[in-house]
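Input: a single structure, listed below in structure tokens.
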Amino acid sequence: MLEVRDLSTSYGAVRALSDVTFTAATGEVTAVLGANGAGKTTLLRTITGLVRAQGGSATYDGRELTRTAPELMPGLGIAHVPEGRGVITELTVDENLRLGGLGRGGRVRSEDLERVYALFPALADRRSALAHVLSGGERQMLVLGRALMAEPTVLLLDEPSLGLAPRIVAQLFELVQSLVVDQGLTVLLVEQNARSALSIAHRGVVLSLGRVVVDERADVLAEDDQLRHAYLGF
Amino acid sequence: MTVRRILVQPVVLAALGVVVIVLVLTAVDDFRSVQLTQMAYLGIAAGGLTVLTGLNGQISLGHGALMAVGAYTTALLLQDDEPMLPLLGVLVVATVVTLVVGAAIGVAAARLHGPYLAGATLALAVAVPGIALYFGDTLGGEQGLRVRVPDAPGWVLDAAYFVTGQDLTPSKYVAFLGWGTLVVAYLGLAHLSRGRVGRRWRAVRDDEVAAEVAGISLGRARVSAFVVSAAAAGAAGFVMALSVRLAAPSGYSLTLSLTLLTAVVLGGLGSLTGALLGAALLTFLPQVVTDAGVSAGLDDIRAAELAPLIYGLVLVAVILLAPAGLSAVSAPRGTGRAGPPRRENPHEHSAQAAAQEVGRHDRRPHLVGPGRRLRRRRPQ
Amino acid sequence: MQQFVNTVLGGLTIGMVYAAFALALVLIWRSTRIVNFAQAPMAMVTTFIALQIIEAGHSYWLAFAAALVAGLVLGAVVERVLIRPVEGKAEINAVILTLGLFIVLHALASVVFGNRYRSFPAAFGIRGLEVGDTTIALTGFDIFTILAVLAVMGLLVLLFRFTDLGLRMRAAAFNQEVARLLGVRVGRMLTLGWALASLVGSLAGLLIAGGSLVHPGYMDAVVVYGFVAAVLGGLDSPAGAVVGGLLLGLSLSLVSGYVGSQLVALAALAILMAVLLLRPQGLFSQARERRV
């Protein structure tokens, strides 16, 4: 269980998060929704320590995360997949995946690599290609596969659907859903594409100007016309 | 009001400066006046460099080489007992020749930034002494060219006696020439940097994109800053040649270029007063430090290296401890600053991104404004 | 003809050294976006350490090894203490900082070791090879120089291509934030990168010094040549730096042999300006355009 409590931070004079509180239950998808600039990305970055928290906490299985160095996240079973896909374009597909596997410490096992390639057959064909040449969808698969190499228990996904064709988005979300069902992953899914996100989420948390304005079951949120119009724009 | 500010202030300062210079040069002996001449030529070159680096954000490690251009031009014109030009003419020619060389370099340099520009000008500093060696017949090779400083004209001697009550010695004559050049050069630099041209330089330094949007030609602003700065280096070379009475490659080594950069950083990038202060430090500190070194038991040659050691340490310390403290750059004063407006980000998201950029490192201000980070790729 | 052969051979040998030095600059540029102008005096200091050891009566190889270790340590300390605070800041800060370090090391070396010219021994003969009646200007030490640089390059390729550590170092160089999230200790990797680069720079210093004279300024021009070589290759590419070094060594050797050795630095300046203005992404890079 990932518990976020009264989390606050700011950039200079700009308050980016104010007392954000919610819980992401184990084995569920929690969607974090909201407009551009609502603080969604900052929330993930603050949880994993890329941005310093100025108040509050984020704990996973009792362990405080915000004051733990980002480098230690893979060891704690937490994979943060950053916005903008975050593939290292100068490395090959294989090297990107291996790098993910190194995160937990120790050597990379080839069966882990094969497991990921089995999950993403498109990547298997391009093992030694530079990540630079991959399409947007392939890059998203690569970062997801790379995160899975460290066998995480929590997946923090930042706007995975950004810039992808609807068909690819559907595939991607299907895959995330199957990971949750099959492996019991806990997923925190930051999305602007609220409709798609809510289709696989158990809970929805809506941020506005750095505050939690709605924290509700996903199916309820998706059907409440007033909430949808006010915050989600569909 | 503003017109008065722009015109009156530097002129008044300059007039006061002239009075102080006359008083000081009258009071000191020949040895000190040679030192003061050194301060003048370092000050002129550092003044030029401070305009380039402080106001326009370009760096040059090649100003020693530009001084060499001015010095060699001066030396070539002052080979005979009967010089073909009066000294003032020599100064003008030395300045113009260096200006032309500076323009050629500036056109190339305007397309470079940061480490690339530093590397290119470093190459210039290393390359130029070789030219004097290669054309040894004309430029005197390793020994260099002797400079015959013409005697002061009779009316100057009379005037000097009338004002100061002493005979004008040759080294004092050169000291007066040097400081006269400095006053004129600083007046020119101050005038330029306070006016339209200076605003353009600062605008380009602060934010290239905004400057371009406001209709400023980046290339022209950069080249003009380099040209002005080179002209100052040429004038400095003229004074140095007169004072040392020699133009030789060893005088214009990489060390001189790095020394000038030190003066500019010590004085606080962007201020002429600072550049002059830096020049004073570079002139008078070495003797103090070297004496201390000798009395601590070092031999002369080693003791002479203590001064550069201190410059280097101070340079490092300034960057690490007080990048804003010495710089008028990161906190521009309100007056005289009318560049294009800073870009505002109505979009919270991009403001966030920019803030994250800052948040990742500590919040100490940069030596040069944040514009460098917001740079856009220019189509080639 | 013989002169031409000798000029070319000399150019290739010195080109290997420039390649090594350019490689050192590229390693640092790739990971921290800083051109380490202090690389030259850093290499000079380690060469003087070797010279002190040799003059104290110890073997050349002990001194050689000590200089390389000193380079490694010096690089790590410089990154940790001086460079870390300016990483990611305005680029002019790092430029001024490395120049400050340049002046400091120069002056320090003059105070500690004196600034007269001192001769540095070579490990192998410095007489040319004799082929039939003619003497080729390729000495035993030249061959050692070429082999030493090739060996170091080979080791670096092994490290970066085939080890987990090398993969982590590359990740840290290319994308610090993503690397951190994947568990890479980016700070340590950068320190290690500077240390390795400084070691390679020290090797270049030792190879230039061998069989010739050293003084505190003997590497100053080499930092310019290394920079030009690195820019020829695109500044981002280790392979480009090596090719750039060889090309530059060859060109400068030709200038020195047929025009005049005094103009070598001017030729380097001309080559640098031509590359920066005509092909700023470097001669061999297919990569995207680059802002210089």
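Labels for the chains are A, B and C, by order of writing; each one numbers its residues from 1.
In this section, a contact is a pair of C-beta atoms (placed from the backbone, for glycine too) under 8 Å apart; a residue touches a chain by one contact, two chains touch by 3 or more.
Just so we're clear, the structure is a prediction, and the values are computed from it rather than from any experiment.
Asker: By number of C-beta pairs in contact, which chain pair leads?
Answerer: Result: the chain pair B-C has the most contacts.
Asker: Quick check for you: compute each chain's CA centroid and the global CA centroid, then name the chain with the smallest gap between them.
Answerer: Centre-most chain by C-alpha means: C.
Asker: Calculate how many whole Å lie between the centre of chain A and the centre of chain C, each centre taken as the average of the chain's C-alpha atoms.
Answerer: Each chain reduced to its C-alpha mean, chain A and chain C end up 43 Å apart.
Asker: On a C-alpha centroid basis, what's the spacing between chain A and chain B, in Å?
Answerer: Chain A and chain B have C-alpha centres separated by 54 Å.
Asker: As a quick test, compute the distance in whole Å between the mean CA positions of chain B and chain C.
Answerer: Inter-chain centre distance comes to 31 Å.
Asker: Could you list the positions in chain A whose residues touch two or more of the other chains?
Answerer: 50, in rising order.
Asker: By the touch rule stated above, which residues of chain B touch at least two different other chains?
Answerer: In chain B, residues 360 touch at least two other chains, as defined above.
Asker: Quick check: what residues of chain C touch more than one other chain, meaning two or more?
Answerer: 177
Asker: Note which residues of chain A are touching chain C in the complex, please.
Answerer: So the residues of chain A in touch with chain C come to 48, 50, 69-75, 79-80, 82, 86-91, 95, 98-100, 102-105, 107-108, 146, 150.
Asker: Using the touch definition up top, name the residues of chain B that touch chain C in the complex.
Answerer: Residues 53, 57, 59, 61, 108, 111-116, 118-120, 122-124, 126-128, 130-131, 133-134, 254, 258, 261-262, 265, 298, 301-302, 305-309, 311-316, 319-320, 323, 360-361, 364, 366-370, 372-373, 375, 377-380.
Asker: Which of the residues in chain C come into contact with chain A in the complex?
Answerer: Against chain A, chain C makes touches at 164, 167-168, 170-171, 174-175, 177-186.
Asker: If we count contacts the way the header does, which residues on chain C are in touch with chain B in the complex?
Answerer: That would be residues 29, 34-35, 37, 82, 85-97, 99-108, 110-111, 114-115, 177, 217, 220-221, 223-224, 227-228, 231, 260, 262-266, 268-269, 272-273, 276-277, 280, 289, 291-292 of chain C.
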